Each structure stands twice: as C-alpha cells, then as structure tokens.
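Right, one structure below, let's go through it.
So that you can tell them apart, the chains are marked A, B, C, D, E and F in the order they are listed, and the count of residues begins at 1 in each.
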Amino acid sequence: MSENKFEPITGTVMPRYAGLPTLMRLPFTQLTDADIGEVEIGLIGVPWDGGTTNRPGARHGPRQLRDLSTMVRNVNRASGINPFALCNCADLGDAPVNPADLLDSLQRIAGFYDTVCGRGIAPLSVGGDHLVTLPIMRALAKNGPVGMVHFDAHTDTWDTYFGGNPYTHGTPFRRAIEEGLLDPKRTVQIGIRGALYNDGDNDWGERQGIRVIDIDEFHAMGLDAVIAEARRVVGDGQTYVSFDVDALDPVYAPGTGTPEIGGLTTLEAQRMVRGLRGLNLVGGDVVEVSPPFDQSGNTALVGATMMFEILCVLADSIAARR
Amino acid sequence: MSENKFEPITGTVMPRYAGLPTLMRLPFTQLTDADIGEVEIGLIGVPWDGGTTNRPGARHGPRQLRDLSTMVRNVNRASGINPFALCNCADLGDAPVNPADLLDSLQRIAGFYDTVCGRGIAPLSVGGDHLVTLPIMRALAKNGPVGMVHFDAHTDTWDTYFGGNPYTHGTPFRRAIEEGLLDPKRTVQIGIRGALYNDGDNDWGERQGIRVIDIDEFHAMGLDAVIAEARRVVGDGQTYVSFDVDALDPVYAPGTGTPEIGGLTTLEAQRMVRGLRGLNLVGGDVVEVSPPFDQSGNTALVGATMMFEILCVLADSIAARR
Amino acid sequence: MSENKFEPITGTVMPRYAGLPTLMRLPFTQLTDADIGEVEIGLIGVPWDGGTTNRPGARHGPRQLRDLSTMVRNVNRASGINPFALCNCADLGDAPVNPADLLDSLQRIAGFYDTVCGRGIAPLSVGGDHLVTLPIMRALAKNGPVGMVHFDAHTDTWDTYFGGNPYTHGTPFRRAIEEGLLDPKRTVQIGIRGALYNDGDNDWGERQGIRVIDIDEFHAMGLDAVIAEARRVVGDGQTYVSFDVDALDPVYAPGTGTPEIGGLTTLEAQRMVRGLRGLNLVGGDVVEVSPPFDQSGNTALVGATMMFEILCVLADSIAARR
Amino acid sequence: MSENKFEPITGTVMPRYAGLPTLMRLPFTQLTDADIGEVEIGLIGVPWDGGTTNRPGARHGPRQLRDLSTMVRNVNRASGINPFALCNCADLGDAPVNPADLLDSLQRIAGFYDTVCGRGIAPLSVGGDHLVTLPIMRALAKNGPVGMVHFDAHTDTWDTYFGGNPYTHGTPFRRAIEEGLLDPKRTVQIGIRGALYNDGDNDWGERQGIRVIDIDEFHAMGLDAVIAEARRVVGDGQTYVSFDVDALDPVYAPGTGTPEIGGLTTLEAQRMVRGLRGLNLVGGDVVEVSPPFDQSGNTALVGATMMFEILCVLADSIAARR
Amino acid sequence: MSENKFEPITGTVMPRYAGLPTLMRLPFTQLTDADIGEVEIGLIGVPWDGGTTNRPGARHGPRQLRDLSTMVRNVNRASGINPFALCNCADLGDAPVNPADLLDSLQRIAGFYDTVCGRGIAPLSVGGDHLVTLPIMRALAKNGPVGMVHFDAHTDTWDTYFGGNPYTHGTPFRRAIEEGLLDPKRTVQIGIRGALYNDGDNDWGERQGIRVIDIDEFHAMGLDAVIAEARRVVGDGQTYVSFDVDALDPVYAPGTGTPEIGGLTTLEAQRMVRGLRGLNLVGGDVVEVSPPFDQSGNTALVGATMMFEILCVLADSIAARR
Amino acid sequence: MSENKFEPITGTVMPRYAGLPTLMRLPFTQLTDADIGEVEIGLIGVPWDGGTTNRPGARHGPRQLRDLSTMVRNVNRASGINPFALCNCADLGDAPVNPADLLDSLQRIAGFYDTVCGRGIAPLSVGGDHLVTLPIMRALAKNGPVGMVHFDAHTDTWDTYFGGNPYTHGTPFRRAIEEGLLDPKRTVQIGIRGALYNDGDNDWGERQGIRVIDIDEFHAMGLDAVIAEARRVVGDGQTYVSFDVDALDPVYAPGTGTPEIGGLTTLEAQRMVRGLRGLNLVGGDVVEVSPPFDQSGNTALVGATMMFEILCVLADSIAARR
C-alpha cells in the first residue's frame, strides 16, 4: 500500500504542519496531468461566495481547509475504513471562478466539473457558499436526477431574494429541482432550524416531496432512527451528500455566514455520515466555511474532518461498485 | 400584517448586515415619540456594568446585541409564534446610566422603567450586568412582588461584598426579596453550578423558599420535568424571565464576566423558554453579555436569539391577556 | 447651538458606548422624513462589496463605522473646525444594495444618490468597496466631471479582470474617466505603492493626466509639498475626496481587503486632509474597511476619524460657499 | 479554618482579577522555604513542550492556568468537598526546564519531582505537553508501578517518530510501561478517538492490558458504567489521574496542539473525575493547554476547573489515608 | 551584584515564560514582610477602573503587565542604566480596591500608598484607569505639590461628567490641582490630541499654568526641544511621571479605553522618558492598559517596557540623591 | 515572458486567494523533479523552531507565508525589478526537520541545503527560528565565509543558555563565526535594541569585528548613511541577507517570539533592502514569523513582502553575474 502515490504523506515522517498544504496531504494532480486517469476520487476546492446574501468569506474556505486537513490521518477508527487504500484520491486544485460575475462563475465551475465527471472521477468538494452545489450538480446529474442527504440549518429552497434574484446560496436546491438535477422525493434535509421569514417558508420543498427532519424532530426520533429514515428516503439510487457546516451548532462552526444556534454536535454529524455507509454515493461537499469569521481555523478543522468522514463512505461505496 | 409599522425590516429586501442596527430591526421609538402609546412590548438596552465584581464589559452588551439581533427572523419555527404579528414591538433605546456612580445609575434606570411600565409597556431588556434587574423590578413590581424563572450559573443572592457592599451583580435577588419586589416562593433558579465560597453560600435563598434546580438536578430530572417544575413554582401569578447568559456553558457564551464550565446548551435553553408558553409573563431580560470577552459576536448572537425566544412567549402571553 | 437638532449627542451626558450607533451620533434622517430638507451634509453607508476581487467583507463597513464613530467628538483640535456648528449633518442610513447582483447594485446606489444630490445634500459616504464611488459619481457629476483627491495604495484604474470584467474595485476610476464623471487632469492619487502585475500597469492613468504621487515621491517631497501639489492639481473646481483605508499602512488599517505594507501613517493622512481646507469640496468617502479582518474595530476607528477629518473640511467649504 | 495559611485568598475580599496569580490563589511556597514541610499537596507547573510533534505552545500552559485558576472558588458544589479544608495545598512554582534540550529537560523535571515526592508531597501538575508525565512518574513510581485513569483523545503509546525518536508527547506511556512505572493492567484510557496512522496503531497498548474506552464505547456504555469500569480497572492500588485537555471536544479546549473533533463535554469530564472519589489517588496532572491557540483563556479556565476537580478527589483520598 | 535578592530572575537560567509572573521578575515583597525596609522602589498594581467613562477593562492591567513584564531584561542599552544595580526593587503586589464603590476605592488606594510612602519607598505603579493617580498623589504629595511630566492623548482636567460626577478618569488632575497635590506651573502634558467636546475644553488647565504640548506642537518642535521644554517646566523640584498608554498611537496600544489616532510612537516615548534623566523624580505610573481590548498582550508589552524606561530614570535619580 | 513556467500565476486570471498556496504562486518543484536543473533561485521553507528559548511557533511560519505570499505581485514599483523575468524561481518545498531532536534537525536541514547549493541554486528561505540560518550557512559557505547584512532586534551572538546549550536561536552567528562560515568583519547588524541581560552582552561580536548599528545609531545616521555603511562593510564579497522580523517594530510584526518595542518601520526595511542592489548576493532568509501569535496573518504578509524585496535584489545580482 505504501507504494501507492495517491496516499497522504504521513505525519510520522514529515510533521503535519510542514510541507505544501494539499487537501489531506494528497498529491496535487491537475486535470491536464498525465496520471489524472488513475484518480477515482477528486478533492476539489470552489473558492467562491458570490451567492452569499449575508456575511461573506466562504471564498477563503478551500485554502483554510487545505491547511487544517493536514491534521487528518488515514484510518477511520470508528468504521475501520482507510479510504486511501480503497480508492486513488488526489487534490485536483480549485475550480475556476470569477468573484465579480455570478453567472460567469456558475458556468466556469460547471465546466470544470464536466471534465471531472466526464473522466469518471467522483467529486468531493469544499466550498465556497452553498450555491456552488448547483453547478456541481449540473455536471454530476447529466444522466438524471440524484438523491441527496443534506445537512443544514436552512432548507436552501427559497425562491428569490432582493426583488427577483434566482441564484443565491438560499436557493440552490429549488433551482436544482426545477432543472431536474435533484429528485426531491429522494432528498432528506437534516438539522433544519432557526426562525423563518414567514409562516410558509418551507412549504415549497415539502410539497415537492423533500423529507425535512428539523432539529426538534431529529432529537425526538433519535440518531439511529434518523439514519434509517435518511437511508429509506434516498434508497439505492445515486446519492449526493451535501454538508453545510451551519448544520452544526455555531460553537463547532463559528466561521460561517449564517449561524443558527441550537444545532448538531460534531459527534452527531460524524455518526450520521458513518450511517450512510453502503448507500450508492456519487459525490459530496462541505460548504459555507468562512475563515474570516474564525481565523483560529477550528471551523476548518471541523470541515476537514467531516470531509474525511464523507470520503470514507464515498470510497467504500465506489470500491463496492467496482 | 405588512402594513404594521412595528415589524422588523425583512432580510429579503434589505440585507441583514445593512441599515441601522436596532433591536431585531424594529423601529426606534423614544419615550417622547408620538406613537409610543401604540407600543406593547418595549425592547430596551441597559448599558451599565457598575455592579460587576469581576470581569467588566457588559455595559457594551446592548450595542453588540443590537448588531447581532439583525440576524434574527420573524417566525419561531418550533412554536409557530410570530411575536411581531401578536404585539406592537419597538426598540425604545437605552436607559440612562452613569458609569461612575452606582446609586445614581440605579435611580436613573428605575426612573426610565417607571415611565415604560407606567405606559403599560412590557419591558424586554438587554443588560448590562445582572444588577440592572433590580431597578427594573423596582418599576415593574410596584403593585406587589412578581415571580421569576431565572436561568443562571449563580444564585445572585449573596449578601455583601468587599466589606459591606449591598449592591453588586451577585446580590440583586436578595435585595429584590428584601424590598418585596420578588416572591421567593414563586421563584425558580435553573442551571446553578460552580464552586462555592463557603458551604452555606446558597442557604439563604432556599430558606426564603426559592426552588433551586442546579445543573446536576437539571440533568437528573430531565428537561420536561424541569419545565413542569418551573411552571408549578411560578403558577399563574405575574412572572418575570431573567436569563443570565452564564447559565449557558461558556462555549456558547464565552463573552461574559464570570463563566462556569459545565452549563446548559443553547438548545436546552431554547426549549425551556418555549416551555414557559402560557404563563402570565410580564417582562424579561438577557444579561451579562460582555462583548470585550468575545469580539466575534457569537455570544451576542446567542443572547439575541434567546431574547427572541423570550419575546415569543411574552408576546403570546400578552396577546392572550387582551 | 445646543438647540440644533442636527448635532451629535454628547458623551458627557450619554456615555459614548450607549444608545443607537448612528454615524457620529447624529440624528437618523431618512430621505422620506419631513426634515430632510434641512440637511446639508448627508452621512451615508453603502454596505456592498460585490466589486471585490480579493478578500471580501467591506459590506460590513458601514455598521462597524457607525459603532466606532460614536467615539468621535465635535471640535477638531488642530483646525478648530466644529463641522456640526457649520452645517446641518445627519445620518441618512444605508443606500440600497443587492449582494447577489453587481449591475443591479450599481443602479440602486446611483438612484439613492440621485435623490440625495437632487436635494442639494453633499454626500459623505462610507463603503463598501471602492467600486461604490462609481455610482456615487454618476449622481454627483451630472453637470460635468469633478476633480478628486484620492488616497490609496492602488490607482484603481485597471481595465478588466478575469477575462473582461469591467466593474471591479480595481477599475472605478477608469470607468469614471471614460464616462466623463472624473477629470483626470484634476485628479491626484497619493500613497500609491505595492508590486505591479506588469510594468505598464499604471501608464493608462498617467497618460490621461492623473498626477500620481507614490509613497516614495510622497516622502521625497514632504508633506507640505504634497499638499501644495494636490491643491494645485485640483484647483478651484468642484472636488471630491476619496479615502481608501489601504492608503494607510496595514498596522493602522489591517481590516481591509488588499493591504500593502509601507503606507501612510494616520497622522500624515489627517494632516493631508486638513491641508485641503479651502478647496471647493462637494463630497467624499471612506472605503474598504472590512470588519471581518479586524474584529477589534481599530480599523473602523481610524476610518471614522478620517471621515470626521473630511467632514471638517467639507463643512467648512460648504459654509464658505453659502 | 480561616487561620489556615494554605488557603486561597477569597474573592469577596480581594477581587479575583487582582493580586499575584498563583495556582488557585494558594500561597507560593518554594522547595527551600521553611514551611514546605507542612504542604501535603503541591500544585506545580511544568512549562515545557519539547516533546510536541505538531503545534507547540503548551510551555505557556502553567502561566495561563495560574491566571485563570483565580476564578475558581473553594467548595465543590456537587460533592461538597472543600479540598483546602482537607489538606494543606500550595503552589510550588514551576519545575526547571530547558527549552533547547529534551533529555536535559526530562532530567531536570524528574529531579524536581524527586524532591517533591521525597518530602511526601502529592503532586498535582499542569503541563506542558504530555511527555512531562514521564519524568513525573519516574519520581512518583519509585516503589513500583502506579495505575492510571487517563483522559485523552490519543493513547500516547506510539513507539517512535521521525525515524526513531523515542521521546515525544505521543509516546510517554509506552516508555512508562517499558520502564516499569505504569501498570498497563491497571490503566484505563477514556475518550480516545480520531483517525489512525495505520490499522494497528493502538494494538500495542491493548496487548499490554490497557483498557481503552474510546468515544464510541464511552457513549454506548454511558457515564456511570464507564466510571464503574474505570474503578474496576485501577482497583485499590496507587493511582494517578492524567487529564489531557484534548480529551474534551475542541469547542471546550481549542487551545491545544492536536485537537480531535467529537470529544467529551466538560460536564462529562467533571462527572467522571468526581466518580473517582474513594480511589487510592497519589497525584495527577492537566496537560496540553496551549495558550497561543486560545488567547481568550477559555481553555485555561477549563483546565483550571478540571484541576480543581482532580484536587477535590485527591485531597479526599489523602485525608482518608491519614 | 548577583547576590542581591532584589534582582530579576534571569532568562538564561529560567525561561522568561516560566515561573510566577511578578513585575519584571522581581521578588514579591508584601508591606508586612520583614525585608520591606530594604526596598527603595516599589512596583505596585492598582487593579481598578471604576473611574472609566467609556470602555472598561483597565482593572485587568496589573495582571497582564506582570505577565508581559517578564520579557524585559536588566540593562537599558541606550542609557546603560541597570536600575536593579542602583536600587532595591520589589513587586509590592496590588493595592486594595473595591470594584463596586468609587469613593471607598480611592480611600483604600490612598491608605496603601500612605504606608508605602511613609516607609520612604518610591512608588512605580501600573493601573488601572487614570483616576488611580489621584489617591497616589494624595499619599505622595503630603508635603507639598509635585510637578509632573504627563504623557497622554487627553488632558484629564475636565470638571464633571454625567451631571456632576467629580471623580472620573477624565478629571484627576483638576482635582489634584484643586487639592494642592499637583503644581500646574510645574506640569507639562505631552501628546494631547483628539477632537474636543467644546471649544473651551482645555482652557482651564492652561489657565492654571499647565504647559500643554499637543501632538502638532510636538512635531513642530521636535523631540529634543520637547525634552528641553519639559525639563524647563518641571525644574528641579520633586516630579512625578505619569504615562497613559493612549499617549501612544493606537497601533502601539490598542488595548486601552479611549484610543485616539495620530499619536506618539513607542520610540518617541522611550526617548522622551530617557530625556528625563537627572530630574528629581519621586514616582511614576503607567495607566489605562485594558487587556480585554488587546488579548494578544502587545499593549501590555509596550506598557511594561515603558515602565522599565521610567524605572531606569527613577532609579538613577534616587541613587543620585543618596 | 509569459511562456516561462517559473512565473507566478497572475491574480487577474485566478483570484489571489484561490489555488494551492505555493510561495509567491510559483511552481512547486521538488529536488527530485526533472526540471530542477532549470531553477536558479529556490524558495524554501524551514518549519522548525527547536532553537527557540521563549515563545515558540515559528515552525508554522513557512505555511502561513505561503498563504500570504499569494498577495504579492510581480514587479517592484520602486526599483522596477521583475525578479521572475530575471531568474527562474520555484518553491522547493520545506526542508526536512525533526521537531523532537535539535541536532538531528540541524543535520537534516544542512543536508537538504547541500543538495540545493550543490546544484547551484541560490536559496531564499523562510523560517523557522533564527537557528535555521546556521545549517543553511553550513551548506552555503562550504568554500569560505560569507558576509552578511543582518536585520534584527538582537545580535544572536550570545554564547550559551540554560547551563551550556550552544545551539539556540540566540547563538547562531557566534557558532557561524566560530565555524568559519561567517566573516565578522564583513557582517553588519541593523536595528539592534532592547534591554540587555548584562552590560557586556554584545561585546563578543563587536570584538570579532561585527559592525553593529543599533536603533539609536540608525536614526542618528539616517537611512541613506546606513545603507552606505552596510555596503561598505560587506564590500563585494559573497553576501547573505538575513531578515529577522523582530527587526521591525512589533506593530508591524506582532507574530514573533521575542518582540522588542521601538523598532524599524516596514518602509525603512524595504528601502534598506532595496539599497542592497548591486551587492554580490548569494542567498537570504526571513525568519521568526510565529503565526500563533498573529493569526490575522498580517505579520506573514510583512514577511512575504520582505521576502519579495530580498528576491528582487538577489535576482538582480544573480542575473548580473551571468
């Protein structure tokens, strides 16, 4: 295994704070590199927050996660999964973006992911605000809508903002459903909470068939039942995992744009992601880490560790499909 | 409803970080304004920490809460209550204070609240250290003692400090009981913890009849039982809700003067306040947010959200009494 | 003078940290208010950073400046000017913006300033990123181009970014010159420094006639000669003062998006602005304060104090023209 | 009791933020002082982090804990124990160290503790990184191996780092077992979690007989069962308590070198330590507080409070043995 | 010299971050200790900020200065003075205070200094807010008024605040002059700046004969001329040195309650204090370090170094008088 | 020029915060890569602080400088030098280190630089603490001692610490002179200041012939004379430039282990480095950036910009020698 070039550099040889900070200390492999064909899972940054309606800064997420992800090791103690032994993983760098043009950015991002997905590489991304999931899905769901396990404080299915804006980080999944990229009946949203603008705020999504498990129902059901329900909803179709760090309580993830108190603990989040093992997973993301609001890097450490948890079940799923 | 001038400005029209930071984006209405007579609930700051025996800074609480309270929306997802639809709410500004004279400050504050209460406005305040609750009660309890649901790490019923000082943020409720403003038999204190100066530290309060539920009993009883016990204690008499943010574990509220580890979670606190629905509530406060010890604003976001939770049950109670 | 309603609330009566944080503790007067007609100088926030190509956050500038501007007092010790005694000043609130749409934002901002300027109110603004000066000039320079004294580390006269984007915070003055809003021959740029993308980076502006005094020439000339040169360049035509806080060394203004070491001191900046007394000033702004990069508020205190310095010479100029 | 010179200075006479910051406001008593013979429990700092393989700074731990420990009071509310009434306690200052020489430091530290233990003083230490426990044990376990209740995210039983280094903060307990200082069969490790370097990472310790209760087993068993199991493992032999703050979730202890998400809460940790009452305790430590990674002092407050919890059960055990 | 017990512990033996943080690593000697009679210069903390009208926190100054003062070494490179070789210096601990009672605090502080001065010990203090200089002078100037070299952004000679309060940190020197403790004709104030409340703000002091050198005159005169002028003003009578850290530009001392931009550099301040060598100095202080506004400790490092500079000229003066 | 692969990625195509943070956005080229032979200047990190006697953290310097160095552009405005057009530059990654073994680390570092220098690559390094310059010189000065322009607050020529330790960050240049790597007569130290341990602290270096220009002499001479003197001292022999960020005043570089107030400004430092143009330069370094003491990254931005300034004169020198 140690001759595998797609493995992290170990911290017992080079200290974890040393060296270039690639995602999880994986090799940096560009789409134009010769060995790109060997990559099975691509870790990708999307440094863009143009869809943010409130506090910005998620554009800095990929860089800070690269830094803190060097703290992560190889083997998941809880599940025993070593994702790097199961699949060839690499840091594919950042998708191209345009901080001054929203629509141009959506196109650039989708174009990058078209190439990734076209090569059969499963994308595991780090945002960026939550709107980046929309262009990723445009590339990923070319052959039909995917299901989704979605961790978030917000449903992100609002319609428009500021007098008609259809594209913000509050609207990606409404657009994805409208565009046929996301199957609402195979979508489950976990951790939803916070005050609403109006009484009917979340009706649209539920009318489409989304299963919303808000924080109160989460605690009423208990962790195991929530996992079972999530597995039931997405079934065995292709499924995406989207993890907005504001699903967590702000004490775990203060570095985010729209924190809502009363959220999940990291341990609950870790266990839920581990509970997705065996699903038919095709990609995932961790979004809304905004480093300017937590320069300590603690939020990014949480984000990087959650990314590792998703990587474990994703690699396990890909290896199982081979 | 949208023609109600006493409603928050919505974040889908003006971004939440924009505009003047009034409490919950409500209109700023001074006691001398023409439309003050329409206000039913007054949100008020008390920028004063002269009673603080340890780390100061709570004088800056009202301003930082004004800032962070602009993150709050209108409708409580858990309870369905929209307080702004139930009652006319306004930001009445800050009570007058004198940072260099304790007794003068107590008088100035009580005078302001005399006017507020005299107009039949229910006060929902943000401190300031916990001593500010004393002058508020002097105005509020003119016709007889109130009951209280009190969230705190400390009982605040010590007698004197530093060789005889009767007025500090460790003594307000002893003074309030002595002055006949607070009915100890209708008072419940939740979340108490931390080491004691001496063995008998808390005996006085319990001897008066206060029901102390310390953090260990809280966990032993369970949340629902604590709510039931709190409701039993205060009964259907007039009741005040006082929320010291150090009731919360310091990870949720590091910006406070006397943090004690091992406290409540925000979710526990939110649920307890929601559990007070239907009581005969006459006012409330959130105190001891000290911004210099948490310049990130996270503590203030917690404080503002707890203030919104109290507002929901307070507005519901007032509307029910109409 | 004390019966003037357009005066700051004094800190010897209400502590400076108390009360609603309006700009310099001035009355909050909306464009629709009855007494808007009495206002001569309008202090305005533009909470928008959609033109930012690097680190965002300037959208939070107006709110943090409102907070810190309450530290400012009334009379300029150095010049003796009391601007509030010279002109009626008010906080007009924030211009409307759309964080998810650049072109829509430019329109909304220009529309707001059309009303302000149409009423004969001189605007003194706080950004926001530097692109906000463009829509301000579109409203202000309706009758012909203005001159400008421009403090900055960067010329902000680049052409396009990211493959053709004409509107970013690196391009406002190229656009303003092209649109006939700004007279390059009556424009002086002070404090320019930092490495260049390419050798010819700044040629365009100088070819149009802009007088660039970079940091090395600034020190070679000396402060008094720079002031004299700036006065010579702008002459007695209508002149705007634009102060990008990154003109200052980053130790004075770390909370900004594109800091460049080796900049001006605050004292040099204060003296230069004081040296503009007697010019024909029509407005000004302080831009690029990005609070997430300095949560201490120190950068905002600097910004607020520079805004006060500009207000002094602006009020003096307006009073002289009466 | 108040005439006892080995008592903390009370906060009702001298404010907690005033005066010299000795550990828990105890008298500073050096090994050469006349009254050292009266001391029963010595609170000692070990300002050294030369064994740190990742983020440094634990050398600053003792000073910041001295500062924050002045917030602690005398009587444990939960258990009723007043340790200062049970035993004479003093701050013995810091052990000598050499920041530029690892082996020399281990010798200096062991030498200091030889004197402490030789005088029959039970040591309660604050690190420093976890390697400091090794020289402490060399002094403490002169007459045979001790048992240990060990709270940590990591087992600290790795073999070598960086090509053969036997002494790092990842290896102290392997060395202690090899040197016959620690009885693995009377050792329990609680809170272990985080990804592993390799599959077999923790096999060595468990093969020696260490009882590892990782975070998942901790939650599966429940707090009371974990306490019972820990008591069963260590039995009635001499037992040491070692508390690495990274046993806690990083939200409670961000100021540490190798944080792992998904850890214990402070309340869980407090209760577990209280559950050790009645064991045959001979010393303890709190390690890995790294102030540079949490300048707010919150981690140190947690560390100081945990130190107080250990002090309570240690003093109770010593008093019972008299 | 090395057998002198009143010398700092050297950093080449015990690292500077280790050990108990006494002021400049001097021995802690209480007023009741046997060897108090040998002390010539007493370093004293006054942890009190009850006179603060704006941002509090200076009560935490002494503790943070104790911490950072351990970075200071023995010999002043510029002047060659080793103050510890000239005079016996000790940390006398903190003066007693009462955070909840202003007048009581002034009495307690004055009482402590009565004892200090009564023993012939020259006091070098660290505040606390600037009001603490008043009770110090009450003890120090028992035999007639002293002169003063006063570094500050503010004159601190206002009359009253908040409707008549005579004692705040804005009024100590007006009170000291009225009480005959301070000779205005032998008082020089350096670094004064910032906007004024009203035009006549500073007239009172100058009418009494105080020589005010504001920041503009400071730069116009040049450093050497300012030193000469200061020496001329105070002459050879007994002179006190009071250093408010807000004399410095806020970049050097952000941790203070009322920062004013455009201030002195630390190097200018150091040189000015060195320029006081040979005067008849009787004591000094460093005040208004507010740690909550600069948890990095950088302001306290500045304060500690300035305290060392004052100590050098004070020790030199005392040694010369022997 | 744009087809040169050894050029930074431009910020007008990829935003500066995006992509992998290599030093100055240069290609990452390892010593084993095929095109290593084309590299003329190697930018190298040395993530090690084992020689630190005080506050640690400089081991994190290389990573934070990589992050902040992406803010730097290509062309030096003041000198017109574009170093990337003059020489092939690359990020060679980090030298190998061992955080738990000082002597082993010195060997590993020297070994890495042996390869670098053996290939004729001029090293421009970022530390790490100042002891890293010793192994770099061991590789660089194989053919005879080099001269040095050394910017620092400290001479770093102490002999031993803690009872005999010869290798700390306070001793590298004493060792380098003793080992014949550094020619003291061609060494100039600029910016020296701060209190001394003893009177004779700096005698050794000056006795060897080092030209020490302390901060007072620096200001007395003036910048141009200091440059001339530095040029005179080093002459036309091979010369190394070592820049300790604590040469700067702590306001510019708070993130360092041993700050001394009263230091250089960044502008003075930039101009001095520019004044070295035309010397026979063979390498340089920027050391003692300690990110944990300045998580804002401002110190690292200063360090990265100073590294760019050194790169400009180094590239110019190398190009001139071709």
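Definition applied: a contact is a pair of C-beta atoms (placed from the backbone, for glycine too) under 8 Å apart; a residue touches a chain by one contact, two chains touch by 3 or more.
The structure displayed is predicted, hence computed values, not measured ones.
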item	value
Minimal step count in the chain contact network, subunit A to subunit D	1
Per Cα centroids, the chain farthest from subunit C	D
Longest centre-to-centre distance from subunit A, chain (CA-based)	E
Whole-Å gap separating subunit B and subunit E, where each centre is the average of the chain's CA atoms	40
Inter-chain centre distance, subunit B versus subunit F - centres from mean C-alpha coordinates, in Å	55
Touching two or more other chains - residue numbers and ranges from subunit B	15, 17, 53-55, 59-60, 99, 161-163, 251, 293, 296
Overall pattern in which the protein chains touch one another (line/ring/star/complete/other)	other
Full enumeration of touching chain pairs	A-B, A-C, A-D, A-F, B-C, B-D, B-E, C-E, C-F, D-E, D-F, E-F
Of all residues in subunit E, those that touch subunit D in their complex	14-15, 17-22, 28, 45, 47, 59-60, 62-63, 66-67, 91, 93-94, 96-97, 99, 295-297
Subunit B-touching residues of subunit E, taken from the complex the two chains share	49-57, 59-60, 98-102, 104, 161-163, 165, 167-168, 292-293
Residue numbers on subunit F that touch subunit E, as the complex places them	53-55, 158, 161-163, 192-199, 201, 214-216, 219, 249-251, 254, 258-263, 293-294
Residues of subunit A defined as touching subunit D within the complex	10-13, 15-17, 71-78, 80, 82, 251-252, 265-267, 270, 296, 298, 301-302, 305, 308
